[in-house]
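Here is the structure we will look at.
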Amino acid sequence: MTLSKPPMPVVQPLPPGLVTLDDHEAHARTQLDSNAWAYFSGGAADEITLHANRRAWNQLQLLPRVLRPLDSAHTQIQLLGRTLAHPLLVAPMAWQQMAHADGELAMAHAAAAQAAGLVLSTQASRPLTTVAQAFGAYPERGPLWFQLYMQADRGFTRELAQRARDAGYEALVLTVDAPVSGARDRERRAGFRLPPGVASVNLAGAPPSDAPLEAAATWADVEWLCSAAQLPVILKGVLHPDDARQAAGLGVSAVVVSNHGGRVLDTVVTTAQSLSGVVDAIGGDLPVLVDGGIRRGTDVFKALALGASAVMVGRPCLWGLANAGAVGVAHVLRLLRDEFEMAMLLCGCREPASISRSMVIANAMDSHL
Amino acid sequence: MTLSKPPMPVVQPLPPGLVTLDDHEAHARTQLDSNAWAYFSGGAADEITLHANRRAWNQLQLLPRVLRPLDSAHTQIQLLGRTLAHPLLVAPMAWQQMAHADGELAMAHAAAAQAAGLVLSTQASRPLTTVAQAFGAYPERGPLWFQLYMQADRGFTRELAQRARDAGYEALVLTVDAPVSGARDRERRAGFRLPPGVASVNLAGAPPSDAPLEAAATWADVEWLCSAAQLPVILKGVLHPDDARQAAGLGVSAVVVSNHGGRVLDTVVTTAQSLSGVVDAIGGDLPVLVDGGIRRGTDVFKALALGASAVMVGRPCLWGLANAGAVGVAHVLRLLRDEFEMAMLLCGCREPASISRSMVIANAMDSHL
Amino acid sequence: MTLSKPPMPVVQPLPPGLVTLDDHEAHARTQLDSNAWAYFSGGAADEITLHANRRAWNQLQLLPRVLRPLDSAHTQIQLLGRTLAHPLLVAPMAWQQMAHADGELAMAHAAAAQAAGLVLSTQASRPLTTVAQAFGAYPERGPLWFQLYMQADRGFTRELAQRARDAGYEALVLTVDAPVSGARDRERRAGFRLPPGVASVNLAGAPPSDAPLEAAATWADVEWLCSAAQLPVILKGVLHPDDARQAAGLGVSAVVVSNHGGRVLDTVVTTAQSLSGVVDAIGGDLPVLVDGGIRRGTDVFKALALGASAVMVGRPCLWGLANAGAVGVAHVLRLLRDEFEMAMLLCGCREPASISRSMVIANAMDSHL
Amino acid sequence: MTLSKPPMPVVQPLPPGLVTLDDHEAHARTQLDSNAWAYFSGGAADEITLHANRRAWNQLQLLPRVLRPLDSAHTQIQLLGRTLAHPLLVAPMAWQQMAHADGELAMAHAAAAQAAGLVLSTQASRPLTTVAQAFGAYPERGPLWFQLYMQADRGFTRELAQRARDAGYEALVLTVDAPVSGARDRERRAGFRLPPGVASVNLAGAPPSDAPLEAAATWADVEWLCSAAQLPVILKGVLHPDDARQAAGLGVSAVVVSNHGGRVLDTVVTTAQSLSGVVDAIGGDLPVLVDGGIRRGTDVFKALALGASAVMVGRPCLWGLANAGAVGVAHVLRLLRDEFEMAMLLCGCREPASISRSMVIANAMDSHL
């Protein structure tokens, strides 16, 4: 893909004192207005799953091996036929211009510069072509995927997929866990409104639809999309092993174990807890990715130990974006890469392929963690 | 049942900012005096079960299915020979005039308007005929049941049941979990007194009794009531599978798994935990209902997943009543209906009949939830 | 036993607002100086077992039965050949004059008036004869036992046991769980000192001993005491089933599952958790009593459901004593009796003999209780 | 080993009110500057393991035996061919002069005076010869070991081991759980810097190395060290049973179950939880030691009950050092010895050899402890 010079985000300094992803979150809270904060940080209903997602990773205990050779260590993985520098992708998130004027553009630059993958949301506030141009300019960049909600008008859906393919996106990530909106009580209390100037620009021209469920995707739609899209199709939001099996039988290329970051259905099972079941069901056939609550390199390690091929990271990248634009996102991804490599080495693994399930103790640590 | 124009409750505006049932509770605390608050919100002794009831629902995890057809979705259920718009009933609660001048009258209007069922308490502060008249005026209304404590004078008990039947009540709900009052320590500390003008008007004329246990119902009384009542008899307060089996053998029409909202015996098993055992014992023979700690549509979904046919909701309706009379109750029921429907759709169910036990993970989430 | 008029404790009014044993504790904290509070309320080391004892009872869940006949209900039990009005005994506690000028005298009057049993501590601050005289004057009184630490001088030990027998004590309770003092860090921080005028008056004349372990009882001492004492011997402080078996083989009359109220060895198993093992080992042969953390009638019920014949209650009686002398103790015991009877009835039991193990769910409620 | 008069540390008074090791920690916080406090007290990342280490000991419950003979009680153990007065050793800790001007010198005097063992860190701030001289002057002293990080230059490593042997160190403790530094976020936030005048004096002259992983030890290095060192080699930082088995096959003399005090890899398994697995794997062949979170004599007892031969104690000795130099360290060790002896006696053991695994209940107490 030959690309002209991409638009560059503003380079701004990193605020001092940001040592962890949690530091980024705490700082972002001071940067975002209450409208954006409620939208980005909130979860569904009582936010039980929002918090449980993260705690579930913490509660898995590591059982490291010692004295293994660690020279020539690297974090490379194989995913959908490509060798990637590490197993991190930026999860799809809507309207990133609410976090920073550079929005998805800064996110793309930072992800690409950090050799991470990028999944652009259907509800991006920047044109998918501009984002692809920025991302594609980095030779070490990870995969570029386009996240899709099935639109009420299937013709528009197909056209959108086609635009993504033309722009260089390498796969479609169909989100299947939100046929209706969740109970976003925090947003309702905050009276969330999309700020002026922020819009789902890639959906411009979509025919209006009054029946929301009309748009909800079904297995038949997945089959249709697999045949129509001319791109690998990845299902995002699979938690039940039987659904994973069904997906594997229909020609999808990967599944993402996800509960939408706890934003849609509260008290749904955590991704750390459901990952094993999905891997056991289809791990030998399809790559399984996971997101939800990943905040530490040890979380990435645990996900891979439980059988994930790669992980998606969402909100932390937004905090980085809010804190320092592209520089902030890059810092977040860098921290996570470094922590992941450190966790690998400290568990006696010189490469992701050496990570084994026996290095994680499945029965949770006590519940205070 | 032909009804004259029923008395109408005052229409008052809903206070702003009420997005969840918990919001209703927090607001009601500012509306009720300490006497009424202690009575309605309190539980037995250390209120361990009061709080555990709710937490037990939260700790059940959902395991949704995806990509199922969701068109023509509805929340209808079958119960005792009727098709109901949804599985919600208002639980029996005494002296509702302590919460709002309209008391049981407003509750009846709101429940009927929301197509919910209504269970009127023996200790209602409004005449059972007036309540039945109000409730019956709504064509979409759910079932109308009368809750009964066995009275010391069995003749009076039979006469009371007859009055209920004549007024249009469709079943008797015999409460069996409170042969004596519980240790209502919070009320005792608050020096609870029934306010002037509030009384158990439907018990007027009951012969006085000095021996409280004389009135406690036994299995023999259940048999007597089943034969004497000319109405279906439902047992409320069953927790032990063996008691459920015995009930099924005696001709009762349904059982309600209940611990009286944690108001009678502290540290008793939660209803979420005991529901499965009762369903396993008699679920094929009799409808099983459940109450206690239902605050979210996901709780309703989980109850049905564990085998309940319908659920009763108590205190939240009282909070709605205290906050805005009939409008408040209707808002509470509407929130719960909407959340339940959303939970169904997000779990891949287009109707309650599609909800299966495999969609709930029985081993609890960690105990911080 | 013919008794002259016993010395009477001062009758003082009960402070208002005491509805539960916890209320008594909170009020006693305002009545006792920091020295006495540290001594009575403290536990060993980090007080983990002190708190766990109580939580363990709370975490057991009740599974009540309904609709059983409850007429002629009573709380009577059989213990060591006697019929007792209820299963409560006052546990042995040292130096009760630190809590109230009437000390053990008020405790004895109140316990006897409430038909409870009384176990007088070796370290009582009142003469054992005076206490026995006060206690024995009540015809409905429960059993009167004397708690014994093995003294370094076995001759003095035998003489002490003889004095107790002569004064009307019906059994000896040999404490076996404190061969050395525990780490009473709270007392050490508070600089605990026995106040002037308070002393172990029944140990006056005991030969001094420099080697504390010399006094520690062994199984041989138990055999000696059983043969020498001319009174039933009860072992207090047994937690291990094997120790219970050994006790049963040596001629002791009962065992008390106890961890000394969490005062001696921290992180020792809770009594609620170890009770079943001891009952399984010897429950068919010997009565098993239990103490530690009993604060509610439901705790008494659970202890009996797990196989205990009776329970001992310690600190709460001291709080009653500090709050209102004999009147306070009587109030504490009355609350517990009433709550226990209420728990029985609400679980469908009209007498303690109807309480069954199936009414308690052994796997704990979640750990927040 | 004949020794000239060793340098003596300053004798300073013990601050009042220090009754437990926790008291020492709280006081030390007031004595150390924020730089030293962050370094000594901090753990890796979110400090989950740091806290879990300690809680894991607390959650093990003791099941004592009673009425056993306790005369002639002692705390002596056998370790690597020596009879030791008790099973406590001071864990290796870097740069102790940051805690007190006397640094490792005071630590050595206090440990030796308390008959404890001492493990000197490679990163000690005092010469290993001076420390050995001080320690060796006490006839009752425990073992003196030298902790080793494999240095990038193997020749320097061998030379360092040789110096230690010449100075009287009896074993080498090779730390294997930190091939790279952990995520010491607290230190990074505090901007930790080694203060002027504090240095790893025993590493003076080590050839510089740019590739940190080059220094990381492997199993081959362990074999080399075992053959080259002319001293017993002990592996510190083993958690996985398979690693323990491999160590046993290579000629090492003991292993230490350790997670580096939670300082290197967060969410790693606690030492209390992994001890049993290692003991089961090699306990019959090699002594197993353990450290991490030992704060009470009951913790020492539990470690021995789970199969440890001895325990290492780290931070608490540093708190003692910060609080009162050698006097403070001696006080910390004395408290722990006394508490351990008390725990033994209260569990019915007159010597460590009587401690059995059946005296600890492996399933944890509830998670609030």
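Lettered A, B, C and D in written order, each chain numbered from 1.
Convention: contacts are C-beta pairs under 8 Å (C-beta built on N, C-alpha and C of every residue); 3 or more make two chains touch, one makes a residue touch a chain.
None of the values given here were measured: they were computed from a predicted structure.
Traced through touching neighbours, the fewest hops from subunit B to subunit D number 2.
A turn of 90° superposes the CA atoms of subunit A on those of subunit B, with the angle given to the nearest 5.
Greatest Cα centroid separation from subunit D: this falls to B. Averaged Cα coordinates give subunit B a centre that lies 42 Å from the centre of subunit C. Of all residues in subunit B, those touching 2 or more other chains are 367-368, listed in ascending order. Judged by the touch criterion defined above, the protein chains form a single closed ring in which each chain touches exactly two others. Residues 45-46, 48, 51-52, 55-56, 59, 176-183, 185, 188-189, 213-214, 216-219, 221-222, 235, 237-240, 242-243, 246, 264-270, 273-274, 364, 367-368 of subunit C are the ones touching subunit D in the complex. On the side of subunit D, the complex with subunit C involves touching residues 17, 19-20, 22, 58, 60-71, 73, 296-298, 302, 339, 342-343, 345-347, 361, 365-369.
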